[in-house]
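Multiple structures follow.
Two complexes follow with chain A in common, the first pairing it with chain B and the second with chain C.
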Partner chain A sequence: MSDATLAPPPGDSRLAYLRRRLFSTWFDGIVTVVSGLALLWLITTVLSWALLDAVWSEENAEACKDAAGACWAVIDARGRLILFGLYPYEQHWRSALGCAIIIATMGLSCWPAMWGMWRLLGLWLAGFGSFVILLHGGVFGLEVVTSEQWGGLALTVFIFASVFVIGMPLAVVLALARRSNLPIISWMAAIFIDTVRSLPLLTILFAAAVVVPFVLPDWAQGTKLGRVIFGFALFYAAYQAEIIRAGIQSIPKGQEEAAQALGMTYRSTVLDIILPQAFRNTLPSTINQVVITFKETSIVTIIGFFEVTASASAAVGRGEWGAYYVEVYVFVALVYFIFVFGLSRYGAYLERRSRLSHV
Partner chain B sequence: MIHKTLSALGAAAIALTLSTPATAAEGGPTIDMIKERGSLLCTGHNGSYLGFAEVDDDGAWSGFDIEMCKALATAILGSPDALQIIPVSWAQRFPALQSGDIDVIIKVTGWTMSRDTELGLQYSRPYFIGPTNIMTRADLGVSTPEDLEGGVFCINAGTSIERIVADYMGARDISYEALNFEKPEELRAALYAGRCDALAGFGPFLAATRFNAPNPDDFVILDAVLALEPEGIVAREGDDSFIDVINWMMSALLMAEEAGITMDNVDEIRANPPSSSIERLLGVSPGVGERLGLSDDWAYNMIKAVGNYGEIYERTVGDDSVYKLPRGANRLWKNGGLLYPLVLD
Partner chain C sequence: MSEPAIYLHGVVKRYGAFIALKDVSLSVDEGERVVICGPSGSGKSTLIRCINRLEVHSAGTIKVEGTELTDDDDAIREVRREVGMVFQDFNLFPHLSVLENCALPRIRVRGTPRAEAEQIARRELERMRIDNQADKFPDQLSGGQQQRVAIARALCMEPRIMLFDEPTSALDPEMVGEVLDAMVALAEGGMTMICVTHEMGFARSVADRVVFMADGRIVEQAPPDRFFDSPSAPETRRFLEQILGD
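And then the complex of A and B:
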């Protein structure tokens, strides 16, 4: 019945509305004025720091010493280092294109028309394939660039996308295995999830990068980046599996029994009845986990990868720019914000889309 | 916390390798591996360590440690470009060396007993003597730590600097007040804001802090040295010939400085060597290469490519750089420092 609130009485103009909401008592008035002034002060301070008093271009870098505002010249000079890391300078276009391809692939797979197992599989194989070919090179006359030299935004986005694409199916399998009727399978899934969850991500990544080479023979090692992504994906899958399990358990048992009674196969029961509802019910926590994963990619700096955050700290780690770390971190925060905000908006869209019309 | 976890992990990783000591040495000495690969795998940093390993606008590495990597690459392979800088974090450097991800650690790595003995590492002679210094505000007119009686020190919390300052000041019975900060950025901001009279820390860090001050002339670094940490070049234990090459590389850089041989005049001096040991050093008369398994002109190539020790120092952290770090203990012995070349016979 929420649609039926009373219309404001005639004559209650916007001004009167404001007076009623903000200045109805003398105490309200003081709070309004004080917080309004504080807000105004905050906005003008930030604006004059970030825009009015700022130094914008590298040519004026000398002026940064005396400027009262931000020194965006550091982004002008070091921006390419932040966005591309240690990738060879002349080859930056490859890194940029690769990054665009991964972002486009992610964007396309968010589009409902692409939702089909084969379509998604083809899309991601094409996306990842062209990314690796572009960045690694060695074919089509492209110079070889080993994955140790990959960096910046392309690396951040690649790690994130790979972790999600490997981790999500794994999480579904783990969640189903944990609910399996066969004790050994459910037991093993539970042990796996609990073990991985009880280890810090840092430990897993460090072990994947540094300890695994001592344990596995050469041929089974893969690249360091590959091992790190795999370790990260295991970590993601353990958490995501529990989220999905919560979703599965929120579905009344009767639905599964009804499906069995109708003679539906296990495969069809899971794919058509259980999972769609489980995903819908856990959308907020899934988006949460995805957003956390995106931000956690910065941990790979500890094994020497130059993703965006590590590149940013390298960008300020040079005598002449050392004083302008605030500007650089604000820039990096903006980059993260664009992605994370995009992800959460998409999550909100999915929630709206999957809302049941008849409830 | 993170640091502790990593140290523990690093130790665990190394303990793993101890069961199979010196894996690389069995497969042939490190130098053969480097020559076969055609490049030296040397340490960079996961970010930047001011003055020692930095990344320029084009994404290329520079700095004192990087120049040493270039010198070593040139000595072994004849070109400073025969080098791959592998970025590693502090915690990762020892396991990365043991697993063969890198050939050598040149990363401001102090020569400590536990690293030398328990971790299965082999140190070269020190290539840099890292001092712990005090920087004060110039307007205080202070010239010795004694003048700072009763002053406020800004110190990085939980580091060895805290203990070094306490030891030094305690031994001299100088009272002081310590103000601890967790992050270098906070430390700097506190100093710039005048919250402390002095900042104690690793010399190169102080130099960078002074450079980044709103007005660098407001601060002076005192001559007094609170403690010294000898930084060595680290290789896997059991490959003596590789350590020999590193030690003689270092020695050749110092010998060149002592004899006044620079990047620019090395050709001139080679054409007209003033003494028989210079003749040998620059490969005019044979002997300097063969005994190390290198070419006879390795030292010449190296000096031609990166210059002598003094040139490297001044270019990266000294007077020709933005940091202007005084050479102090890193001067040659004849200028009052601690560094000296070995005898080339």
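And then the complex of A and C:
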């Protein structure tokens, strides 16, 4: 980078700086004062609702009746329903542990030292394997809990991780197929991608849950959860494939030619030269698509799965806590925020990392 | 006489209705240094890109070190291992360090263990006098440095033939010299070379033979002395007048 020094900015005390930026005309002054007051009101209102006047933990909903602020007691009382859905109460530890395992697996695969085909394959087989054994049970003296009863955060995280792990390799294959020199292959990939993209996610999930059992023989049906995840993965793959294709097209033709001229095989050209650059060029849109996918997992509610959003609705759907749905949805929003914020920070880290090895 | 390193007979290249190469025949011996020149659009780049099959010729025969170029992918890779190429735009891999640019293809193509491949990479970078930049990334280097890395990368495969496709055309004038010096050093080492270039000084001092192309045909070929001092074809004379400016 350039070391050229610029002339120092004009000497400006902090006060003079604020005056110049916020009060340089009488109109600027009014805007500053009005928006400042609005901001102050908003902050004090939210703070007093969420913290000062809030009821934190009580045995029942009665105590919240007279409170001016938030009733966080509802989280205390119904939190386990929100986080674990319909999973049997005594077995909640299995769901919690499974959830932690999937989160740890995702965390580990974000770590550059784990980036190798065999390492990632081993990690995910172990992660998914132990999740399914834990939640389904039937071995090691664990009571059987069918996937229809899985729910809450563990289900959300499991669906998301499976969709990503199945969808991403599929997306790479689709993107490469669409660029194939063989017309039949590129044509089939294009038709597949365009068809899936023209269908709403809801339709695909419905078809996977309800229609497929009529079409496929018994042995090929799998579980409803499995079919839904697979349908979801197809949906994700169609979008991600187009992102990757855009990334591949942004690479100059000379890159592939240089690899060919060196005698590199197609496989090596794609894996060592084309895909790393394609992913680097499309990192922001890929992170975007991943975040959308994480949030869209809430759609599986429609076909009867109690992931975290549906569990939250159920937690306030009836009985004494019914009035405190705002608190419950704020809680669920916070849970989503933690994941999505983590994803976007990780995306920013990857971008910084690729810039460091570059500028 | 032994088999030529490169043998082209009756080579034709069509792009739809446009004919880029019209019945080109050329034979280059082991250790020979050939410069190809000619006006733009004359087919010189197409010609050398046919030699490592970056372009697929439409008709005729091309043999490299005795191996004929056909649809046989194994034969094509065999030829590409023996033929290094340097491009006008360098085409270094921007996501890999200079060292990795040189070592990775060697590892992938020749199956060389990493430690040995890195050793070879350092040796070739040193030969191109750019070994002090080994840990940088391509876009941290000047054009001349990048092109020398590109030459080193090709040399890491230990090719028997080097193709240069206008290696100095994309460079700022002050960097042309360092790349030409590297090419001269390579020529003195006995490498078989085909260079498409407009650097007539290089052609005169290094080439064994200068080939002049126009309109998809080889118009004239001669040793540099005769080529520059008494060209026979009128097209050649016109081209030389333009490019040498006298």
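We adopt the following convention: the second predicted complex is superposed on the first by the 343 of 359 C-alpha atoms of A that agree within 3 Å, B and C clash if a C-alpha of one lies under 4 Å from a C-alpha of the other, contacts with A are read in each partner's own complex, and residues count from 1 in each chain.
By definition in this document, contacts are C-beta pairs under 8 Å (C-beta built on N, C-alpha and C of every residue); 3 or more make two chains touch, one makes a residue touch a chain.
Just so we're clear, the structure is a prediction, and the values are computed from it rather than from any experiment.
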Simultaneous placement of chain C and chain B on chain A, clash or fit: fit
First (chain B), second (chain C), both or neither touched by A:E320: first
Which superposed partner A:L334 touches (first chain B, second chain C, both, neither): neither
Chain A: partner with more touched residues, chain B or chain C: B
Touching partner for A:G263 - first (chain B), second (chain C), both, neither: second
Chain B versus chain C as contact partner of A:Q255, first or second or both or neither: second
Touched partner set for A:L182, first chain B, second chain C, both or neither: neither
First (chain B), second (chain C), both or neither touched by A:G85: first
Touched partner set for A:A220, first chain B, second chain C, both or neither: neither
A:I273 touches, of chain B and chain C: first, second, both or neither? second
Touched partner set for A:I302, first chain B, second chain C, both or neither: first
Nearest-approach distance, in Å, of chain C Cα atoms to those of chain B in the combined model: 45
Chain A positions touched by chain B in one structure and by chain C in the second: none
For the chain A and chain C complex, residues of the former touching the latter: 252, 254-255, 257-265, 268, 272-273, 276-277, 280, 354, 357-359
Residues of chain A touching chain B in the complex: 65, 77-78, 80-81, 84-89, 148, 151, 200, 202-203, 206-207, 209-211, 213-215, 224, 301-306, 310, 313-320, 322-323, 325
List of chain C residues in touch with chain A within their complex: 52, 54, 77, 80-81, 83-85, 87, 89, 91-95, 97, 104-105, 108-109, 137, 139-140, 153-154, 157
Touch list for chain B against partner chain A, complex: 2, 5-6, 9-10, 12-13, 16-17, 20, 44-51, 54-60, 84, 86-89, 91-92, 95-96, 98-101, 185, 208, 211-212, 214, 321-323
